[in-house]
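Each structure below is given as structure tokens.
The following pair of complexes shares a single chain, chain A, combined with chain B in the former and chain C in the latter.
Presenting the complex of A and B:
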């Protein structure tokens, strides 16, 4: 246990959590350099870093790194962090390691909202799609909460209601796909798979803005979240206002998932896997928010790089890649739980 | 016994009404007298009779076939896994069939319907074995949430692979997006008649084996004491479920929640007796799919909404309401 102090602010942290966090940060920087440098065009490390910072170093680095690789890598990092945080909060709130916004309907709702805007307003600007995704996510979340609410919210019931609502949202998306002409449907499908290609600095700025607003709120409620893991009564007794904290945290989690979906389309399994890996590596007793964010960023950037390094025929969008790796992990979790181990 | 028979008769009556409506309603409503004539005494000059005979009859047959197959498959899976959330759509079995069909379409194999059916069987079979092995055995057998999540995970995996194939191939996307919305109109009637014997035989075998399966559902020890070969019954059930789910998917596209909602309602009416549950589920499933199809036909004229979408909309809400009604200990 140690205390980090910056002026008046102090954060207590376990030594191991701190070490893991630093290590993840180092890994992330290494991955970022790798993402900036490695590719078809040869760029030196020094040029790549300067180009990413916006300094003119001449062709090809100015365009390839400054306009293509850097925004793409940063998008992956920021979206990964959002998904990691969103999953960590949701898993802690529902006290279920299998909960994740991509399975309980929130991401599907965001997808429906975004496809609806693609259908209604054919010219797709990021902001309109983002607004559609956010509206869809919030609407489905509200519907899930209403359906799961019976005096109190039982987390398991929330998950099941979410699965049902998710299917409704998915059916709506599929209906919209049949109504589009095939070219638009192809575009929408490409978006529905989840991809980081072609993301620009606008996307990075949007993601960064969302994080800048929501992360301080989450950190402010982190203690309440950790206390609520001990049970609502205990938390109440320790002076946490359970209802208010839960509402704020749930809304933050939904917004993070919605914003991430708006930027890249629904990317599955990061929100599920990142918090679990963060818990396992830090051996933290309670929810580990910042390590989850770093882990999510590192995982998504790794998956993005891996998907680019695949041979030409197998270059799929990163969303397919995370599903191919993440789904077996989830199945393994379920299988292990069914053998009577800790879930 | 008498009460159950009455309920079965009521379900059959509901199915007859649904069939009549399915033949009569659509973008051009046709009165029941003309429908009757078209079926028993066809006048080839009358365009209305031709609509009934050529278009609506095959569509209705597909709906009945898919609905009955999914109702029975759902009831069997729920007994096998002792889990109220078991449904071939929810657990990814239909998605497995879809993926196999998409791969075949892309590879140029699945041009004809006859080639798609065995391929769908293979895909559904693999998915069924995987999800059963993972989510339905051991300590998790009693935990509905786990099985549901295992199904969702498997569906997510299969769907993303399906999307990966579709992204590469626009022509397949064009066929797939109509098929996945679950339409009863895309298939030729002579293609589908080939599925009728498969579904009928599978349902008949399920009825014959239902007493044994019910004993297995009571508990392995009890079943063993009754002299039942547990492994054999389980394998047989999985094979039947696969055949039924794949037939329904091949005929009507992947439909979710029919196999979930229908047996659930049927159980509320006839209790736990598996033979009666299967009969009522078959009748009720057929009626539900037809009703969903009719709703999709008349809700937004002149265009139609695929039955896959109407069933998911209606079924998803039923599922969420079921979750709401369950007691905490049951989860």
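Presenting the complex of A and C:
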């Protein structure tokens, strides 16, 4: 155990969790530097860092790093963290390692919202699309939460309602795509695969603001979340208000997924994989929120860089990349579960 | 004296009423056993005594105050519960599990304290788990795992401990291990213990006070020797039985009056 203190206040963490967290933070800084420096335009590390901080260093760094690479990399980090947190909370609440906002309809709802906006307004502004996606995600989330509500939120109902709502949303999206003209449909499809391309400082600010509001709430309820993993009765007997805690946590998880999807479009598998990897590396008994966030950030930034490093004609959006890597992992989890091993 | 009492409580789930107006007082500093046939409402009653279930009518009083007006955390500092099938998080060690018992004593942004550590170490010691405190709970034997859960409830450091069928699924030696442990906690640490048990023999041996329930009501309550009569066993369990005297402890021992196949 390790205690981090500021005066009277402090938190206790396991040495291993702390070490993994620090390591992930280092990796993240390394990846960020890599993302700022590596690319077609040559920029020195020093110039890249200063340009990212908004200091004028002259062309090409001011634009390439300051307006393109930095916001894109930070978007990947923040959205990855949101997805990691959202997945971690959902998996813990449902006591199911396969639970993830990708599978419970929130991402699909965001897609429907975005495509509907593109169809109605026919504007390709990322902002209008993002607003549509956010509205779609919030509406589907509200629907899922209402359907899962039986005086308290029933975790299994949350998953089942989510799957059902997700299918309806997906069908709607596909119907809309067939009704759009080819140009708009192309735009919509481009958005639907999930990408960090063209994201600006405004996107970064939005994602950061959502995290600044929701992370303290999640951390405040982290102990309740861990305790609820031992069963509702045990948690209640240990002084946790199960109904209230679960409602707050479910709403936070859903909001994070909605906000993440609004920024980048649907990016699959990060929310599924990051919490599981965080658990495996920290060997934490029970949900590891901050490691999941860091893991999600590192995974999405890595995926984003990897997809950019592919040869020009092989480059594809990061959403496809995460799916290509995440799907085999999911199959592996299912295979292990079917063999009765620990999940 | 009773710190924990139920007065005229009616309990149920959905449309189904399980406990129909029950008065019980849990004697302080003693072991109370709640017995009765399946579905008689004994676990339901136990759950209401720790606020897991709110009564349709009637009240549960903890230290003379309505338990439902008492904050969840405050209840958890006074009454501990070991539910029937708690879930051990994957990969948790014995010590980590026991440490979870400190939850009601912790505050946001307050680190693990010396009091917490002492409570956990002493719980591990009383349950003879000190040597295997770093083992993974999933890998323990049934008896050890049950002791680990009891240790968690111990670390919670509540004067009242409630246990729902603490010996189910254990072999006979481990059942008596758990019972002996509860007896020690009662005599050495003056904890008030309430347990739901199926085994009447264990109830008679270890409890000071027995509450026999039938059809959602209390059929009898009192000392084991007063409660366990042939008449009561017939009324509560619909079983013709003889009540003998345990040759070791002198407590009542219930045996069926018929041989295998119903032949006398």
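General observations
Rule of thumb we're sticking to: the second predicted complex is superposed on the first by the 320 of 343 C-alpha atoms of A that agree within 3 Å, B and C clash if a C-alpha of one lies under 4 Å from a C-alpha of the other, contacts with A are read in each partner's own complex, and residues count from 1 in each chain.
Please note the rule applied: contacts are C-beta pairs under 8 Å (C-beta built on N, C-alpha and C of every residue); 3 or more make two chains touch, one makes a residue touch a chain.
As the structure is a prediction and not an experimental result, all values here were calculated from the model.
Of the two partner chains placed by the overlay, only chain B lies in contact with A:170; chain C stays clear of it. Within the superposed three-chain model, A:189 lies in touch with chain B and out of touch with chain C [touch as defined at top]. Shared-chain residue A:226: touches chain C; no touch with chain B.
Of the two partner chains, neither chain B nor chain C is touched by A:112. Of the two partners, chain B and chain C, it is B that touches more residues of chain A. According to the touch criterion, the shared surface of chain A, contacted by chain B in one complex and chain C in the other, consists of residues 343.
Taken together, the chain A residues at the contact with chain B in this complex read 96, 98, 102-103, 144, 147-148, 150, 154, 156-157, 159-161, 163-168, 170-172, 174-175, 177-179, 182, 185-186, 189-190, 192-193, 268-269, 316-317, 319-320, 323-324, 327-328, 330-331, 334-335, 337-340, 343. Of all the residues in chain C, the ones that touch chain A in their complex are 47, 50-52, 72-77, 79-81, 83, 85-93, 96-97, 100-101, 103-104, 106, 108-112, 138, 156.
Within the complex, the chain B residues that touch chain A are 85, 90, 130, 133-135, 137-141, 143-146, 148-150, 152-154, 156-157, 160-161, 163-164, 166-167, 170, 173-174, 177-178, 180-181, 256-257, 303, 305-306, 308-309, 312-313, 315-324, 326, 328, 331.
Interface of chain A with chain C (complex): residues 1, 3-5, 8-12, 95, 220, 223, 226-227, 229-231, 233-234, 236-241, 279, 283-286, 342-343.
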